[in-house]
Amino acid sequence: ARAGEVRLAIATNFHDAAERLAAHFSETTGHSTRISYGSTGKLYAQIRHGAPFDAYLAADEERPHLMEREGSGVPGTRFTYAIGKLVLWSPDAEAFREPQALLEADTLRRLAIANPKTAPYGLAAKQTLEHLGLWKTLESRLVRGESIAQTFQFVATGNAKAGFVALAQLRDDHQGGARWEVPNTHHEPIAQQAILLDRGRSNEAARAWLNFLASAEAQDIIREYGYDIPDLPE
Amino acid sequence: MKVPGIHARLSTGFERFQLDVALELPGDGVTALFGHSGCGKTTLLRCIAGLQPCTGRLSVNGNVWQDDDTSLPVHKRPLAYVFQETSLFPHLSVNGNLNYGYRRTPMAQRRIHPSQVIDWLGLSHFMDRRPERLSGGERQRVAIARALLTSPRLLLMDEPLSALDQTSKREILPYLENLRDTLDIPIIYVSHSAAEVARLADYIVMMDQGRVVAEGGIQETLARPDQPFALEEGAAVIVPAVIRERDPQWHLCRAEFDGGSLWLRDDRQPEPGSRVRLQILARDVSIALAANHNQSIQNLLPARVMDMAAEQRPGMTTVRLQAGQTSFLSRITSRSAHQLGLGCGMDVCMQIKSVAIVE
Amino acid sequence: MKVPGIHARLSTGFERFQLDVALELPGDGVTALFGHSGCGKTTLLRCIAGLQPCTGRLSVNGNVWQDDDTSLPVHKRPLAYVFQETSLFPHLSVNGNLNYGYRRTPMAQRRIHPSQVIDWLGLSHFMDRRPERLSGGERQRVAIARALLTSPRLLLMDEPLSALDQTSKREILPYLENLRDTLDIPIIYVSHSAAEVARLADYIVMMDQGRVVAEGGIQETLARPDQPFALEEGAAVIVPAVIRERDPQWHLCRAEFDGGSLWLRDDRQPEPGSRVRLQILARDVSIALAANHNQSIQNLLPARVMDMAAEQRPGMTTVRLQAGQTSFLSRITSRSAHQLGLGCGMDVCMQIKSVAIVE
Amino acid sequence: MSPEWQTVWLTLKLAGITTTVLMVIGTPIAWWLARSSHWLKQPVAAIVALPLVLPPTVLGFYLLLLMGPEGIVGTLTQTLGLGTLPFTFAGLVVASVIYSLPFTVQPLQNVFATVNERMLEVAATLRASPLDRFFSVVIPLARPGFLTAAVLTFAHTLGEFGVVLMIGGNIPGETRVLSVAIYDHVETLEYGKAHLLAGGMLVFSFIVLLALYLINGRLNNGNLKS
Amino acid sequence: MSPEWQTVWLTLKLAGITTTVLMVIGTPIAWWLARSSHWLKQPVAAIVALPLVLPPTVLGFYLLLLMGPEGIVGTLTQTLGLGTLPFTFAGLVVASVIYSLPFTVQPLQNVFATVNERMLEVAATLRASPLDRFFSVVIPLARPGFLTAAVLTFAHTLGEFGVVLMIGGNIPGETRVLSVAIYDHVETLEYGKAHLLAGGMLVFSFIVLLALYLINGRLNNGNLKS
């Protein structure tokens, strides 16, 4: 096939993995990519109003689902490409041994989570706290980042003692500190879904991208960046 | 067909002030506008310039500037305006100010050039300076120069010399006279200085509370002993005359008029035969019953008392005298008039101090 | 110990102009500041007010306002300044402008009150109006009133009457005279009008190119026939006198001075016995070899020729005459002086037109 | 108070306090910039305009670093016993003040530059001290500039949300302001609520601005009675 | 051109074009607002300030609705054969112009109001037509206002990113401007790159602003030679 171009709208939290994947994709298929990053909500609004994207990699299930229903996404192309992993983290290695102890301590003045209304990681964090029976006590001490990235900044700059961030963020410079990987059982899975958009229906490269994303090769990369892969691709 | 002269019938008003004038002014020469502070002189000039909205009709030497349906915008009226308060452009140097109007005057219409006015008004020392760095008088001279450089067809001047000392005035006035005579354009001149007016004006308009209360040629008007002008100290007649001889030793010359001769200083060294205007202030004319040559007053002329009028201020009488066909005014105390037994038709000797005669 | 009077030794300069003055001015009365446009009058006033940075020393009636180490800031100097170009606050009504300084004057120091100046200067019609809605003369009057209302201890006036007509001037001048006499504060007065100066001033300072070229009491200074003042037309002497009798029928009164009596109009109806200042213009004094009573000039006084000087302008001679202990000036043509054979020490008859006498 | 009204109240409070603070500190800065001829004048003028250049979230990020427990400002506030500023209302005010500084200073500087020096001289000869002159001459003459500065600052603080989001931490009742709320509604597809809040804010602002301009016009044209 | 330089170039182009467009359309609006006494004057003045009040992203969202294929403006541009504006450079310019309008109009309106009516009258008696008067008198006298307007507009367009992100869609080489790039770097925790870009932008802006102010100061103080 001739080399084509695929225009991708990708949730910002998947940035690092996406860059690696895109490089790999171009190498193997010869197609080029042009990626716009943004929050899931913003990208959704833009696609609804004519943004020129071929495929959409959201940070949740809800938006791709909506698109499929409304017709801006191509039915049957939706699938979960990654499952986010939630971590309670503090850059201070001494901050806690037992998460329960930290969360229940009165000395915890500010705990950072992502906004449960706008960010899937925020929703998961909220569910986790509810699961632990701490939501009511901690609610007034929470600071909400607009995105998971902002939540991470709250913690990394020391303004919040600890926070629920994405495992994907704890790479490179931020390996250290105290961390607790929240078990799957504490919250609903953070399923990130992709879908082929109406504009990309006849774009060879777009379909190639989605195929590549579901390939084992890609899945290895995705795992490397701190995500889970669903057992059964839909 | 062109109707010469300025025909104005203009009305405008503010909350507490109403201007209503109907004027027929000569199409050349200087018209002096007189009146108390707040009588509407500036407002009238602004109406003529088109700066103040007004109703009525205005035509200048045959060109209609305003009538019922149309009003020429200010920048299309070929006039120049020297404002009462100097109003130089603060963002331009003196040079920039002068050139502003000059550059906007079509080449063919330019009759006055920068080098001339810079010289006349002594501006060469500060051509590069900003207005804020000039003295009050310097600013006023620049404003006059700027206005002249548009080679206007009507010149409006609102107290243009008020900030100037006598010497500067004495230097500038001849140029204004010159302009009046050579450019052949009408000038409307507001001034509180009787001396300036008597020297420059050909026509006088007296205003009060927004109306014209008197107007006329300077000769007729000034020779009326009951004239309403608040000049009093400045009451004078203007006498056309011809220079007949010069006396270089004593720096004097003799001017002949219809009714006699007068000696005057020949400051400007006029050629014999040239025509001049003599201004004779009423206060400089005294009356004797007979000629007495043993005194410093050298201009002694036989004349006849024509009429006498008491002045507004008590104690003074203005006497109108006639020598040949020429009228003169004399201000004397009423007691003198009484003691000398002056009466209409009486023949007397008019004593005129030669120093009081100016061109 | 308080040293009365104004002692100023001040220097400042601009790019092309240098001011250097050393003055000792009287601590009361009016000092007139004279000089060509651009000679530094405004700059000097600004230095005295503290508006223009300068070096030197300045003390006013014993209070040091500036010396080597200190300079009182403007608002701490108890002076008032009437600027050359009116400078009313555009955001305040006339009333607001008047009150601005008045409110800032401590109660105990207030010696002039709004109702007085509003009345004097005829401001009552437009107390609520904004300055932009006033005529030029009206603005000038408001500015004078505003300055007076700070009850200053030194009054600086830069051509305060230039925009006013004769009538307004005639109404305002008596109040300024009154102020001078009753408030007992020094006034420094810049004016180009010889008449105003001769009337108001007690002391005269003549400037040229940033320096003082002459100064002195008005009587001595004006009586010098070689005086450098550019007055010429306005050259005059001031003669102190006492009113002796009044002639109500003819509206005249007789004033006696050291050397004789003069008849003058009794406009102001002075009480017999009261002291007045007579101003006699050189141009109103003529010389006869003998008294001739058959003429309208009624003030005929014997006098002696003291000296004679040719004027700058050719053809004219200024003659100084003495009657009793009083000096007079007379301007006559040089030819008259020659023909009458005038010389020092000669006894003559001085003819003074009574109308020319003012207080 | 319902959460919505709490948000509205907080927003108005923030905008009001920020505008007040900025008027107080911006006026002397603007005056100095307009009148001084110090060599530092131009550099300071340039620095004042800089907060504009950075995207709000980025500025917020740097402020977070600076004011955090390890930042310079944070260390200072902690030693002063004030704790750290982020996630507090005071922190929001500080951030808004920094971000909106140019909107206050620049219009003021502009009109200050046009105030006629002569008027200050006149006031001085009428016994007004420098401070008195400033209040009785400069401020009235510069009124349109103050109006513009206040409007720009207030409106900008209302609408600004990048910095506020970053420094505020979106805590309901404490640092959650209207702009953040509207943004959230848009993000979560609750368009109805977003329209309501945005519409309300627009109508409210329009009315306030209109009233301000009308009053200002009245003051300019009418005759003053004192 | 590397993607970074492309972004820089795009940013400067956007800010430059926006500023130019705003100067051209803002000047007559400001003049009208400053001089007119039409009853619509105050409402228009209030409307001009409104874009400020909405959070940029929210404003961006509404612009997206308006200019999108189903919006009023979008329908119009489509029938004109222009396609839709969002996600194009032209769309960015339109959005920036709307958002930055108050920063241009308000400072200009301010200085226009201080231009002495007398100066215009004088110019008229010296034969200058209304347009000529505007260029030869108003513009020179209002120069500081133009500078402020240009600086605020340019800087604001540089730093603004909410609207740009929404309308532009962050497409590399097409609508991805510096502010968005920095924002992206911060969001994706690439702080090194963010510091670099932000620092570069600050230094660059500082130098440009300083130069501007210095030139302006020179022009104000120096004697003019013509």
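To keep things simple, chains are lettered A, B, C, D and E as they appear, and every chain counts its residues starting from 1.
Just so we're on the same page, a contact is a pair of C-beta atoms (placed from the backbone, for glycine too) under 8 Å apart; a residue touches a chain by one contact, two chains touch by 3 or more.
Since the structure is predicted, the reported quantities are computational estimates derived from the model, not experimental observations.
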Sorted by label, the chains bordering both chain A and chain C are D
Per mean C-alpha coordinates, the chain lying farthest from chain E is C
Of all chains, the one whose CA centroid lies most distant from that of chain B is A
Whole-Å distance, C-alpha centre of chain B to that of chain C, is 26
Taking each chain's centre as the mean of its CA atoms, chain D sits from chain E at a distance in Å of 20
Distance in whole angstrom between the CA centres of chain A and chain B is 92
When centres are defined as mean Cα positions, the distance from chain B to chain D in whole Å is 60
Note: chain A residues in touch with at least two other chains are 42, 45, 150, 153
In chain B, the residues touching two or more other chains are none
Within chain D, the set of residues that touch 2 or more other chains is 61, 183, 186
Chains touch one another in the pairs A-D, A-E, B-C, B-E, C-D, D-E
So, in the complex, the side of chain E touching chain A is made of residues 57, 61, 64-65, 68-71, 74, 84, 86-87, 165-166, 169-173, 176, 184, 186-189
The residues of chain B that touch chain E in their complex are 49-51, 73-75, 79-81, 83, 87, 89-93, 95-96, 99-101, 104-105, 128-130, 146-147, 150
Within their complex, chain D touches chain E through residues 41-43, 45-47, 49-50, 52-59, 61-62, 102-103, 106-107, 109-111, 113-114, 144-145, 148, 151-152, 155-156, 158-162, 179-180, 182-183, 186, 194, 198, 201-202, 205-206, 209-210, 213-214, 217
Seen from chain A, its contact residues with chain D in the complex are 39, 41-42, 44-45, 66, 110, 112, 115, 117-118, 140, 142-146, 150, 153-154, 157-160
Residue set of chain B touching chain C in the complex reads 14, 16, 34-38, 42, 84-86, 125-126, 133-138, 141, 158-159, 162-169, 192, 194, 230-234, 247, 250-252, 263, 265-267, 283-284, 286-290, 292, 294-298, 313-316, 330-340, 351, 353-356
